[in-house]
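Presented below are the structures under discussion, each in the form of structure tokens.
In what comes next, chain A is part of two complexes: it sits with chain B in the first one and with chain C in the second one.
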Partner chain A sequence: MLEVSNLEFSYDDGSPILKDISFSISKGERVALLGPSGYGKSTLGKIIAGHMNPDKGTVLLNNQKLSKYKGYKPIQLIYQHAEKALNNRWKIKDSLYEAWDIPVELLERMGINQSWLDRWPNELSGGQLQRISVLRALSPKTQLLIADEITASLDTITQAQLWNVVGDVLDTNNTSLLMITHNESLAKRICSRIIQIESLCTCT
Partner chain B sequence: MKLIDNNNSKYTRFSVKSFNRRQWAGFFVVLGSLFLVILALVGTFMPEQSYAIDYNHKYAAPSLSYLFGTDELGRDMFYRTLKGLALSIKIGLMAAFVSSCIALVLGTLSAVFGGKVDSCILWLIDLCLGIPHIILILMISVSLGGGEIGVTIGVIATHWAHLTRLMRAEIMQLRNQPYVHVARGYGHSYFTIGRKHFIPHVLPQYIIGLVLLLPHAILHEAGITFLGYGLPLDVPAIGIILSESMKHISVGMWWLGFFPGLLLMIIVLIFDRVGTALREILDPMRSQK
Partner chain C sequence: MGELLRIEHLSVTFSMYRDIFSRVESKGIEDLSISLYSGEILAIVGASGSGKSLLAHAIMDLLPYNAIVRGDFYYQGEYVDGRRLERLRGTELSLIPQSITYLDPTMKVGKQVIQEQFEMDQCKSIFAKLDLAEHVISLYPFQLSGGMARRVLVSTALISNASVIVADEPTPGMSVTDAVETLQMLRQIANEGKGCILITHDLDLAIEVADRVAVMYDGRIIDIVPASNFKRGVLTHPYTNALYRALPQNDFKSYTADEVESFLRKGGNQHVGSE
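Then we have the complex of A and B:
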């Protein structure tokens, strides 16, 4: 389903971050991208989601470029810091429904209280914001969810709850998952395949 | 316990002080704007008789019946000054408004499209800032045949550059925010994102920039008219009044230049203060003070 081939990327200073990266993810598969910090995991996630353009190489979803898809994109990226992914001048409900028509039942399952909707992002905690940010990406149209360290700043219980709900929704919609993390035990619990970024990257 | 009390009183004192300051800024904005609006209205709807030629009262020094004195044709300088200032405010408002609209559009285009569009707009900004304003306005005004239209277009064409730079920088920084990328991922067009994410964010800077453009525009209009390349001689513009007063200043008729000049300075300072007070209210970096 997702085909990444010969991806190359370097930041402005010229040193290559990603070099000759190729891998694929099939439908419904859950893959973890594991590796130490500074190896370009997040950059790879942003390139796959179309938030950044690679220097070379292609990212194809069902043999099509992501830019060919109109409307809600089938590849969604969730950022580690939810507060940056939400416009802090918008109320929570505006940010939520900017994404898609989220059913009330899903809000409840995610543990999002109705009273939060009329608040501003700075009135909620990081975990609460992350639930909102995650829910925005969980539309049935999402074919591949990229979760970039989404629970790194949460406590273990909240982390487990969040992944339970995400797992259920992914199963229901048959959505694939690319989980970017440095937490190996979490990766093993959730994903069926683990890719080490060092094994992909021929540089450094 | 004592420590907590101390902290409490400190906190209360600080918050009351800051509340007053903000309130004071708001009060100044309302008062200043009201004064300028009344001045503009009075000047615009003033009958021409109030500053008509009256040879019986030539060169009258300031008195209770002629507050600012009269000139060589016996015209009441008080009413001429008010008329001139109203004209200046009108031209200044129009020029600053159009100029800031240009800045908003060009700044947004520059930041959103980047590349060649960006280079082109930056080149225009450099071109505009590279030549002293007064010379550029002079050339544009003269080539358009002077008058109200020439001066207004001249001021419009020279005052957009600084604000364009500011808008460009603001929107460039916004463009790379994660929430903008995420909104793109939900399939929203740049137009929608511009309307819903960018414009509300840059609106405070835009309004402050607009108000702070006004004193510049007014001074440049007066300057160009003073030099004789602006409004025609029969219009009671502040620049004309000041340039006429030059002829009589050596024979001791100080009131011809003093009062109009003073009032022009006061008006410009009021605009500047209103702009600064607005910044205090609208700018999120300062509004906590």
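Then we have the complex of A and C:
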């Protein structure tokens, strides 16, 4: 379903971060991208999600470029820091329902309190905001979810809660997952395949 | 084991303007008491927003001007008043900050480590101890790799010969080998009879390296247990137990908000009686 081929990318200073990266993810598959910091894991995530353009190479979703999809993008990226992901001038409910029509039952399972909906992002904690930004991205229209260290700054209870719901929704919608993380045991829990970034990347 | 630092009934509140005319107080830390003994690593774990970093910053006097700090500090058994505490900070109490951004980017590393109080020879011997090459002294922070920067930050705390070291989230974003190395340095410091407070949200790591683990929730310490209790499975506080069981390498069990609430109610504040 997702086909990444011969990707190359470097930041302004010229040294290549990503070099000749190719891999694919099939429909409904859950893949973890593991590796030390500084190897370009997050950069790769942003490129696949279409937030940045690669210097060379292509990212194809169902043999089409992401830019061909109009409106809602079928590849959704969630960041580690939810406070940066949500618009501070929008109430929680506006951010949440902008994406899709979320059933109440899912709000409850995610542990989102109805009273949060009328609040502003700065009135919620990091863990609470993360649930909002994750739920936003779980629309049935999402074909690939990229989760960049989404639970790295959460406590273990919240982490397990969150992944439990995410896993169920991914299963129901047959959505694929690319999980970027340092945490190997978490990756083993969630994903069926683990890619070590060093094995993809011959540089740095 | 001698007691190095004791904090009693610490509370931190922030006074904020709600609008032009009225101010509200928001509570950060509430009635917190804890002791640190020589030779130990005391880990402080908890969810984000539970007040871990606030505690570190309260100990190091790094809180912003609108913070109101109340509580009693004892250093090596002696009561310390505000002014003396200020002198202790930096000489007897020292902080390993979270990231390289705490270094001055326009100043050579060696100079930053020795500041105005120490000799370059001391810096060299500390660097040697931490496996840093001598030429690192004349490098600028941007020339350091992540692992080197980490060791430089550790050396700023070591050179002062402080007996209490507070490490604020020293490992996120590090590869496993770098993280293990940093924690070994902490262990080494503790083995020399000093005390380390390790602030982290990574329970797994805390269990590996610390002697005791304190669990924070909502500005209070709700439980303090020996780290070995986790692996032996003797956790009396249901919330601490839930934290441990929820680790991906354990049950990865998902609890509802109501369950968590009931754990907190049932467990209460267990360490008060035992300390």
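Assume the second predicted complex is superposed on the first by the 204 of 204 C-alpha atoms of A that agree within 3 Å, B and C clash if a C-alpha of one lies under 4 Å from a C-alpha of the other, contacts with A are read in each partner's own complex, and residues count from 1 in each chain.
Following the convention adopted for this analysis, contacts are C-beta pairs under 8 Å (C-beta built on N, C-alpha and C of every residue); 3 or more make two chains touch, one makes a residue touch a chain.
In this text the structure is predicted, and so the values were computed from the model without any measurement.
A.B. asks: Which partner does A:Ser125 contact after superposing on A: first (chain B), second (chain C), both, neither?
C.D. replies: Touch partner of A:Ser125: chain C, not chain B.
A.B. asks: So, A:Leu77: does it touch chain B (first), chain C (second), both, or neither?
C.D. replies: Only chain B is touched by A:Leu77; chain C is not.
A.B. asks: Between chain B (first) and chain C (second), which does A:Ala49 come into contact with in this model arrangement: first, second, both, or neither?
C.D. replies: first
A.B. asks: Can A:Ala85 be said to touch chain B (first), chain C (second), both, or neither?
C.D. replies: Only chain B; A:Ala85 stays clear of chain C.
A.B. asks: Answer with first, second, both or neither: which of chain B and chain C does A:Asn164 touch in the superposed model?
C.D. replies: second
A.B. asks: Contact-wise, after the overlay, does A:Asp155 reach chain B, chain C, both or neither (first, second, both, neither)?
C.D. replies: A:Asp155 contacts chain C only, not chain B.
A.B. asks: Would you sort A:Gly111 into first (chain B), second (chain C), both or neither based on which partner it touches?
C.D. replies: second
A.B. asks: In their shared complex, at which residues does chain B touch chain A?
C.D. replies: 177-179, 181-188, 197, 200-201
A.B. asks: Of all residues in chain A, which touch chain B in the complex?
C.D. replies: Counting only chain A, the residues touching chain B are 46, 49-51, 70-73, 75-77, 79, 81, 84-87, 89, 95, 98-100, 136.
A.B. asks: Which of the residues in chain A come into contact with chain C in the complex?
C.D. replies: Touching chain C: residues 35-38, 111, 125-127, 152-161, 163-165, 182-186, 188-189 of chain A.
A.B. asks: For the complex, which residues does chain C have touching chain A?
C.D. replies: 45-50, 146, 172-176, 178, 201, 203-204, 242-244, 246-249, 252-257, 260
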